[in-house]
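In what comes next, subunit A is part of two complexes: it sits with subunit B in the first one and with subunit C in the second one.
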Partner chain A sequence: MSGSAFKVCMLGDFGVGKTSLVARFVRSTFSDKYLTTIGVKVDSKEVLRAGREPVKLVLWDIAGRNALDTVGANYLRGAHALLLVADGTREASLATALDLLMQSRSLLPSAQVVLAINKQDLVERWEVGPATVRQLRQSLPVFETSAASGAGVADAFAAIAAGLAP
Partner chain B sequence: MATLPAGDEHAKPTGAAPAAAEPGDELERLRELLLGDERRELVAARARIAELERMQGKLSQRLPDAAIAALREQGDHPRVSAALAAPVAQALGAAVHNNRQSIIDALFPVIGPMIRRAVAEALRGLVDNLNGAIESSLSLRGLKWRLEAWRGGVPYAQVVLRHRLAYGIDHVFLIERASGLLLHHAAAAGLPALDADAIAGMLTALGDFVGDSVGSDDHALDAAQVGESLVWVEHGPLLNLACFMRGVPPAGLRSLLKQRLEDIHARLAAMPDGSMLADLAADPEVQERVDPASLLREAQIALAADPAAAPKRSSPWPLLFIALLVLGVLGWQGVQRWRWQQGIDDLRVSLAAQPGFVLGKIDARPWRSLVVHGLLDPDAPSLKALLDRAELGAATRRFETTGYVSTDDRIVELRARRLLQPPSDVTLTMHEGVLTLAGEAPADWSAAALARAPLIAGVRAVNSSLGAPIDPQIVARAALKQAIAELDALRVDFVREDEPVAGSDTVVDAMAAKLRGLDALAHDAGVTLHLQAVGTSDETGGDGTNERVRGLRARWLALALAARGIGDVGEADAAANPEPSRRSASVQIATGPSP
Partner chain C sequence: MIDFDALPARVRDFLRELLLERAHVLVLGLGKDWSLREVLGDADWHELDIAQPGALLASLHDLFVGIEPGSDEELPFVELANGRSVHVHRLVDGDGFFLILLDAQAARDAQRNPQQLANEAALAGHEKSKAIQSLKQIRSELEHQQARLEEANNLKNALIATMSHEFRTPLASAFGQLRELELRRSAGDAEIRALRRSLSHLFVLAENLLEYGRGEAGGGLLHPVPIDLRALLDDCSSMFRPLAEAKGLAFHASLDAASSAPACFDEVKLRQILINLLANAVRYTQRGEIVLALRWDGERLHIEVRDTGIGIASEFRASVFRPFNRGAQTGSRGAGLGLSIVQRLIEQMRGRIELDSEIARGSCFRLELPGAALAAAPATRGDLQGRVFVVDDDPDITQLLEHALGGLGLEVQCFAEASSALDAALAQPPALLVVDMQMPGLSGGEMVFALRASGHRGAILVLSANATVEARDAALRVGADRYLTKPIDFAHLEASVRDLLARG
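Our next item is the complex of A and B:
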């Protein structure tokens, strides 16, 4: 094991682009079929941090869901950070992400949380308005990302890495 | 403990005397009058309750010493133990029911060794049963292992397990149980790099998935196997140890993994407060405990030092008997093999000495079949008898030959005899390619033979000393003539009439002997003989008398010869013969052509 490793769970509704974000960020070891079989796929990536030791993010890409069941809750155990993912073109997915955050708070009261509003490349079709984004930024870090173009993806993960101790 | 409310007006102090008779004071006096005793008892009861509460507050401090003193003083009357048994059992039950994980964490270091001991006992029984089951196996490999066990003084089953349980450890992962994060990864040398963090996470996720799928919080994924690849996962309260292997590891390795995980937990517990799990992973001793080479080495040592495998000396007799039996069988097979090979060698020598045969090769399946390959001249004598005489048991045997022309003198001589068909009086010999013809033969045969002989394969030159044959008939006739001449010289003389002179029997016997040899000569000469007894007379007497006397003498001789086995002798008068005057009788022979 090189450096410190941290568990980062990705939560979000179906089809918001969690797996695409991971695929953009890392070269996967395991097939996506695990998402449809056991409901999770794990990858890892070392992230450099300015002036600090690099960290290894162990990304648990949990299959899309709108509520936490037993299996999903088990997968969250011991997570250091949550990457909530919402689809900017579906406002309901944002509500789902926030619901999932509320449900996971009992399990992970001190986990760092970052919100990625995905599909920034389709910003003209977004249902999530700028005002909503501004309000959200007052509560948690929000990144507008695009798994298709890669925009904002590295920044979102870098923000998670920056927030992890040491 | 319930207390009375502090603000209760009934509890107000009553020490001051009333200055004037107010309604309240009246009421108080009335209470004093009616309830004075009860109120004093109430005050005393309050004081006693306060004292009890004070003492109870210090009970937690006094209880341990009190319990120890009580246990020490109870002696043979365990009142305290009996009194505590039921509540302790209930408390333990409630703790197991309500706070199971704490109980598990507390008992983990104790339960592990207990379970290992129970498993070891069960395995010992299994090994004993296995030993009994396979001791009767007599395969070659089994005999080899049995010999190894006998030489090493260890049970046969242990040797079998040692040989059969070949395995290797590829990866060992030390994983934080809750998060699935990898704390340490060790791999065997030469393996390609892999994303150990992702694998550790997936393994944890799989364990969670399986546990949730079977609906059990107490059980997790302990093992998974795909083909020869095997994963064992040992679970601890805080850490899991996953071991990726190939082959068939011994059961002892599982115990070793449990022990290593317990050691790591113990080391974690001994770390100073505030230590991180990462500090544990960086501990060289922890890393050494999950090193694949170290695990393999210790598992091997544990297997060798298994107390169930205490050296015991097996009786050598069964092995010696088996060894003797094997030696006997091998010796018998060796003798049979030698006999077969000897028979083949003898046959090879015999075949090589045969003229007109060139031995190619011999295909042999010992005591089953034999095929002789070679070149065979058509004039060579048959080799079947030679093959049949070979001492090769009941093996089937046959020739596979190809024709050729031999130049061996013996075969060339046979070939010349076949082609020339020499008469019996001709001798035919071959020596170094030279055909020699000798003896007597008809001229036409000799001419044909001398013309054909140089053309016979293998004949380089022809020597001939053939001569014209002597006619046996002529020889026989000459001999017959000689014999007849000798017979003519024999005469029987008479004194008078047909009275022979003394000694005439000797003459007749000589005549008979000569006549007996004439038949063979006549046969060879190709003639027939006509015998006639002829009487002669002197010149005295009359002609008539002499003729009668000649007749008597011829008859006498014919009868005398008949008496000696010579029949068919006719009688003739000598008057026709120019014989000299003599009183005698003789045999005259006339020859004629054979019928």
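Our next item is the complex of A and C:
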């Protein structure tokens, strides 16, 4: 393995597309069939960084939940970064993602955080408005992504990779 | 904690099988540097190639990225890159550690099914609530649009009622003055006939518009009167013969009166039908002839309007009777209302229409209209007696009515507004009240209602410019006996007055 490995946890409500984002990023595949994740799936991908050593992102695709229980918290241990995922068509999932971030802060006070608002291909059905996204960008990096089309997915992971030291 | 060795042999065997074999236990002994020291257990099930353990070890190594190496760990339900779901335990031992993998596939599947159902139900519930919200919004928008349409429709109806009044009132006055002229001079006088013809044409045009605008507000009322078919034919001839001949067309008009029974029709509507059909025939014929043939058999009037014009293609024959249809006949210049109005009028008169047509050969419209019975019998003029109140804010109308009703022998008293007429009627009830509906101050309807409420039993005839069924019904509801529309058809008025006074 070249470069360092970093643990990145995907965190968000069920059905927001965490597994699909990993599948798109790691294998360039997509299935619109929803299959709930039990426990955690671990995958990895090496990411090149301009002028820097590449990094290996070890992606923890944690089962969707709206609150962090003991098991969920255990999965988060040692994570270097969090990719919060929300579904633009379900505004409540954004609140859940932010809620999970608040809950995880005590466990991971220095983890890097990026927010992906997924299902950009259904943007005309989004409940999350542009003003909300604009406001969120003032406090954390936000990417509109689509696991279906691939839009924004690599950018979101690249932003995580870019923020990881060294 | 149970003492395993103290357990009976059979129980120990059972638990061993359950925990070790069914859980496909795999124990990996590893050095700090992840060098593989020993492998115990079900390597095959975990797809561990002992000769090349790299892929599985790499997966397992990923699990501990970021986690300090010196502690025992438990990671339940981990799906590794090879798709296997395992419970992973790390036990630190001296300068190395053990990784214990237990099969979690069955347990994961057992958890997944209900979880999948629950999640799908929650997602479907969200979609459902969004759909309901969306439907509610659509419904609210539809209700809003419907309210706007109703408002627009009410406005249209109000506009039509106003237009009706605006058109009919001056026309009534013009027709009344024309009648006076006809009484003083010969009715056959060419200038007077030209005047009547043009007024009639103007009236029909206005009626066409009003008839169309009336639309769903209900068909206009029929006022059947005995008509002179010969005079009607002559009027049509003198109106359209010059137009036809100016285009080099022959114009033939004929009447076959097989019965001497009076032909009773709503003359305005009948003229409207004929003028619309003849105007089309002249418009769409460039050479040849126009034929108008009337036949009265005592019960039905048969009308044929034939031309040698451009004809109507079979695919357009149904659509020519739709309003604003201008595509059916090449070179159309009209508004496309005529035939739709003709059909509507025929329906109102309970008649029927047939169309034969051939492209470049011409068209033939055949109509059959049943004659109406007229209640009133003709009588000698000037034979009636009694007091009549005429109430109308238009002095031309009151003057005409005074003259017409006075001519029947009645004592006529005119009022320009309803409240003084009401006082007078309450003081000395007239035998007949002829009243307009729309007047400033007290309306005709209010006056009629007040009279009936006070026990007035005299006849009440409403004469209004509003030709809608709704207006008639409203007048009858407040207590009127009869509802006639302007312009005043004097023959119909006289028949109605005689009928009402005869009832006592």
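What to note about this one:
In this section, the second predicted complex is superposed on the first by the 153 of 166 C-alpha atoms of A that agree within 3 Å, B and C clash if a C-alpha of one lies under 4 Å from a C-alpha of the other, contacts with A are read in each partner's own complex, and residues count from 1 in each chain.
As a convention for this text, a contact is a pair of C-beta atoms (placed from the backbone, for glycine too) under 8 Å apart; a residue touches a chain by one contact, two chains touch by 3 or more.
Please read these numbers as outputs of a predicted model, since none were measured by experiment.
In the superposed model, A:F6 makes contact with both subunit B and subunit C. Of the two partner chains placed by superposition, A:G163 touches none, neither subunit B nor subunit C.
When the shared chain is aligned, subunit C comes close enough to touch A:R90, but subunit B does not. With both structures placed on the common chain, the touch criterion links A:G39 to subunit B and to subunit C. Looking at the shared chain after the overlay, A:G64 reaches subunit C, while subunit B stays out of its contact range. Of the two partner chains, neither subunit B nor subunit C is touched by A:P141. In the superposed model, A:G15 lies in contact with subunit C only, and not with subunit B.
In the overlay built on the shared chain, the residue A:A79 is in contact with subunit B and with subunit C.
Common to the subunit B-facing and subunit C-facing surfaces of subunit A are residues 1, 5-7, 34, 38-44, 58, 71, 74-75, 77-80.
Taken in their complex, subunit A has these residues touching subunit B: 1, 4-7, 29-30, 34, 38-44, 56, 58, 60, 70-71, 74-75, 77-80. Contact residues on subunit A toward subunit C in their complex (touch as defined above): 1, 5-7, 14-15, 34-44, 58, 64, 71, 74-75, 77-80, 90, 92.
Here subunit B touches subunit A in the complex through residues 176, 178-185, 194-202, 205-206, 208-209, 211-212, 278, 281, going by the rule given at the top. Put simply, subunit C touches subunit A in their complex at residues 58-59, 62-68, 74-81, 85, 104, 108, 111-112, 115-116, 119-120, 122-123, 126.
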